[in-house]
Amino acid sequence: MPVSLNYIFKRIILSILVVIGVIVFSYILLLYTPGDPAVKWAGNPRGPEARKAIEMARRELGLDQPIHVQIAQFIYHVFTGNLGLSIAYKVPVSQVITSGFTATLELLVFAYLLAVPLGLWLGIYSALRRGSRFDSFIQSLSVVLASMPTFWLGAIIALISYSTTGFLPYGRVSYKLAASTGFNPITGFYLLDALIQGNYAVFLDALLRIIPPALAISVYPIGVVARVSRTLVAEALLEDYVRTAVAWGVRRNTIIKHFVLKSIIPPVIQISGLAFVYSIVDAMVVESLVFGREGLGSILLDSLHKADFRVTIALAIYLTIFYILVNTIVDIIQASIDPRVKI
Amino acid sequence: MPPSLPFIRLVHRNLRKYRFKIGLSITIAILVLSLISQYIAPYPREGLGYVPVGEENRRLLHPSPQHLFGTDTLGRDLFSRVIMASRSAIIQAFSVVFLSLIIGLIVGVLAAYFKGLVELVLNYLTELFMAIPSIVIALFFRLTLEAGFHVVIISLVTTWWAWYARITYVYAKGVVELDYVVLAKLSGLSSAKIIMRHVVGVIIQPILVQAISDLGSALLEASGINFMGLGLPPGYPDWGVILYEGISEMGIMAFTRTPWLVFYPGLFILLTTLGFTLLADPLREDLDPRLRRRWKLWF
Amino acid sequence: MVLAVRAGGISIGYIDEEEEYIVWAVRGVDLAIEEGDAFCLVGESGSGKTTFASAIAGILPPHAVTRGKLYIFDRLAIDESTWNFNGLRGRVVSYIPQNPGTSLSPFLTVEDHFYYVLRDTLRYDREKSRKAAMEALLKVGLDRGVLEDYPHELSGGMQQRVLIAIALASNAKIIVADEPTSAIDANLRASVLQLLGRLNREYRVTLLLVTHDLASTSIVCNRLAVMLAGKIVETGRTISVLRNPQHPYTKMLLDCVPLLGVKKPLKPLPGEPIQVVEDKAICPFRERCPRAIDKCVEEPPLKPVGDEENHYVKCWRLTGVESG
Amino acid sequence: MDSILELQRVTAGYKSIKGFKSLIKRVEIVLRDISFTVEKGERVAIIGESGSGKTTILRVILGLLKPISGKVLIYGKDLYSLPSDQKLQILRRIGYVPQDPYRSLNPVLKIKYIVGEPLEAVGVEWRHIEERASEVLKIVGLPQSIINDTAEELSGGMRQRVLIARAIIAEPEILVLDEPTSALDVSIQAQIINLLNSIYNTFKVTMITVTHDLGVAQYLADRLIILKSGKIVEEGSVDEVLRNPKSEYTKSLITSYLQITGINSLNNIKIRG
């Protein structure tokens, strides 16, 4: 049964309202926190050019206009991706953000493609063998995994991978190798680009570099998904319909596959979505400070050090929009596979 | 009847459980440590960030009987710093969860109890603040305010209250339509009393348990923010800050050359978080009757 | 006569959470149900009727413990503390659950339910199971349109009919129906009960109906047993028991049923249905019984009543030990 | 006799939140043009199956759902046009026993607080409330010992008694019962029916029962109002309705009920006496 358009419609309207709320909120913070907003927007410039830069920032923000016009303008700029030039990089802010996003997203997606199936499998498997040694091991493990500070774990993983292979998984790809093989990123997802271009040397290199940080990031979702799916399977096994199906002579495997697993998929997707947005921060921390990959984390630190206020603000806003986007998509997917949601 | 009584009973019931005992011991140990660390730390001033005289000779010493966890890049005793940082961890975790819980509880219950516009607006606000990553708020504060506890706590509370508002709302929504609330309304009991007695009193247990288990996540997130250098100032005794200093000063090779700088603060974060989780897990299972029953594969 | 179900001194209990003690729900029941019978198990909550029914349906929960023996068509299903229902579930015994709203998976269509049941019991493919499903739906008075529906799209009465149809489809010889009418409206109850009665007569299915409503047994069942605190206190042909109840508990149950158009005072005995009795051999009704005598501290045997065929009752007062 | 409760052409429903059209307000009508009167001291039963609107009638009577049109008069006063404090005054004269005893008692509250709540709400001192609570517990046949327990341990029948005790503690003049026995065992159902009737006789209340069970209604009412899809299809004294049902729907209700109890026809049975 198709999920009703109405639900999707409502969810999207709500998300747009939230996005607008966030933009307004950021703009108000920009205006009303201590300091001249134009000076902030211009990145606290010093020297002879300062006056000009501040003047330009004032024009860009439209500070002479009434507040609602300013906000409307700001919202328009956010949606059209037109937030001016980055002070530090001298390229459009949107370009800086996009390059960071693709890098971080690549890492996150890679980590989650690993983590969710593995966590799901561990959870289901231990639920079906409740009370076994395997189950108690997985249970303890998932508690420990979910309590692990990701950046610390990342450091340990880096240490291990260095001491065993002598190879430090630093950065996204070896630029020397990339240049010598004529690697040309188009989408910004290096793994995908390398694969499309048939550049296996770069692919392998990028893969080797993405695995350690991805491992560090995937630990949290593995723990969470394993715990949640174990509980969900356990609860599903107690449902009346499972009991009834047993009495009807349906076999164990069929029950697990068609009666139990079908019911746990929507909540697992929901939880994975929540964990995913939580992991964005994890990824930003790990990639920049521990693994030296460029991405949102390094852009954030850079923009802070260089007082590149536009990039910082844009990063904050787009990060939030991305957050909302993921949440919305997860909700819609979840609703469309649950036949009961029809509202 | 104060609503906390059933909670005390719940805790009492679980005292026998192995996991609960471990969790409780870890939590109490960290709490005690946070109170007495400044008396037992061998170099209390260094623990607070004071750079010792002649630091050049004491930089990056390996762990030894004089310096149990070694020394850091500025020659400070790491053991003192790490154990004194337990206070910062406790302050951040508890104040974030406590403040968020209070705000979230109020908003969630009000949204569920008063329908119509109140519900709509409060739910919108909840959704709005849930959508903002705490790191973003921390960024804003970092740009405008001085570094300090308030940055970490405010930026976490700004997003975390929404989480409690949502779970409170979900629980409360299931209760406000029940007949005892209707009965209380019909007999003309004041809204404040109904909310306290029939809504908060009934749903508080699972929310408190959730809050206990969230103490760990709050600590992890706070450490993350401090690790990024967005929260507490450099030199402050905090596990996130210590880690940040260790890694950023030594560069990317820090953990290969000076692993103790990275290992000990992280270990303490892990242990503390684990303690909270182990404390909350048995309580959660106890509260959910479906989990209490044995449900091994029986067919 | 072939015996469909034969229980020999069967006891079923549940281990409590802390594994400290066992609560016995069924305590030493002997029972024989003949093939083709429509048999009612009557009792109030805590009487052990549902536990006994789920033992026959093969869905005892994992924390159950058993004693005694249970034969289903001469196959030993429960042998003291072990049980094995492989090959019985679905194929010999099928089951109609109590609560139609939660007994169908919300993620599967009605057709899928039929398919998985028929594939696993009779090795049908999609095509064949669809055909069988349509036949079964016809028998319960539903049209084939419901096959594509998800359970939540059906009304409670329709869900109950779907459950009955699925239970029928695998051609099981015994159908266990656990309070099939307790969750549906009063005016639909009669039709569901009549449907069950018709299935029993027309398709020679042995029916075990569990119910709390003694009065409603007469439209379905030819035999019944009244359970109290895990024991059968009276059993016999339905007419014989309803017309001439011997046990004070059975009498009270009949006195408590409001009969439409008959003005008679309802005469409940004070007290609650007995839930757990310590495992001593006493008459479980002694506390509430108005006619209790000293001898009732011992458990009475199941004795035949007069010259009525198959009518047995478990009460000292029947044997003529009258006093005060 | 004075009418104590009167519904005048009440049409009621819920705001629908389904469909795109929800942007425009839409209302799903559940009750259509319902009028009836309950005299002081009467016992009335409203009969209907699920979806007939009987729960909605209850909500309208209890002041929880404002009708779209029509009036609800209690003691001759239009309930929904009164200021809220006066409305509360009137509602306090109604004792209400909800349907599901397992979901109607606050699980963390002691029985004395549950039972005493209506008095607490009007500001009676705790000393008196406790006294009065143990009195009503005695009336409904509960032991004093449970007064400091929570409801968690109680059986369904005991829970229902607690709810009845709560309903009568403030000496209401109207008792509204929602399916008072549907969740209970047969023998407990009979106990509760007898208890309710003895309360009716002792306290001379007006009793309004909402149920789907004709058999129960027969014991708890003198007059029946039969509801089908939001409309009254039949109204009359119990004898009248059972002996001489006018609508087809009532006939089918009676027939199916009789079938369940194994009686084929009412003809050869004397009604009421």
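We just call them A, B, C and D in the order they show up, numbering each chain from 1.
We adopt the following convention: contacts are C-beta pairs under 8 Å (C-beta built on N, C-alpha and C of every residue); 3 or more make two chains touch, one makes a residue touch a chain.
Keep in mind the model is a prediction, meaning the values are calculated, not measured.
Chemist: By CA centroids, point me to the most central chain in this structure.
Modeler: The most central chain here turns out to be B.
Chemist: Where is the C-beta contact count highest, in terms of which two chains?
Modeler: A-B
Chemist: As a quick test, compute the distance in whole Å between the mean CA positions of subunit C and subunit D.
Modeler: Once rounded, the distance between the two centres reads 32 Å.
Chemist: I'd like to verify one number: the distance from the centre of subunit A to the centre of subunit C, where each centre is the average of its C-alpha atoms, in whole angstrom.
Modeler: Distance between chain centres: 55 Å.
Chemist: With centres defined as the mean C-alpha position, give me the subunit B-subunit C separation in Å.
Modeler: 53
Chemist: Distance from the CA centroid of subunit B to that of subunit D, rounded to the nearest Å?
Modeler: 49
Chemist: Among all residues of subunit A, which ones touch two or more of the remaining chains?
Modeler: 246
Chemist: Note the residues in subunit B that touch 2 or more other chains, in rising order.
Modeler: Within subunit B, residues 293-296, 299 contact more than one other chain.
Chemist: Please give the residue numbers of subunit D that touch subunit B in the complex, ascending.
Modeler: 62-64, 88, 91-92, 94, 96, 98-100, 103-110, 113-114, 117-118, 120-122, 166, 170
Chemist: Could you list, by residue number, the parts of subunit D that touch subunit C in their complex?
Modeler: Contact set of subunit D toward subunit C: 49-50, 141, 155-158, 185-191, 193-194, 212-216, 218-219, 242-243, 252-263, 266, 269-273.
Chemist: Please output the residues of subunit B touching subunit A within their complex, sorted ascending.
Modeler: 124, 127-128, 131-136, 139-140, 142-145, 216, 220-221, 223-224, 227-230, 243-244, 247-248, 252-256, 259, 262-263, 265-267, 269-270, 273-274, 277-278, 281, 290-291, 293-297, 299
Chemist: Which residues of subunit A touch subunit C in their complex?
Modeler: Residues of subunit A touching subunit C: 1, 239-241, 243-251, 254, 258-259, 262-263, 338-340.
Chemist: Which bits of subunit A are touching subunit B when the two form their complex?
Modeler: Spelled out, the residues of subunit A in touch with subunit B are 14, 17-19, 21-22, 25-26, 29, 33-35, 40, 128-131, 143-144, 146-153, 155-156, 158-159, 162-163, 168, 170, 231, 234-235, 237-238, 246, 252, 255, 277, 280-282, 284-285, 289-292, 297, 300-301, 304, 309, 312, 315-316, 319-320, 323-324, 327.
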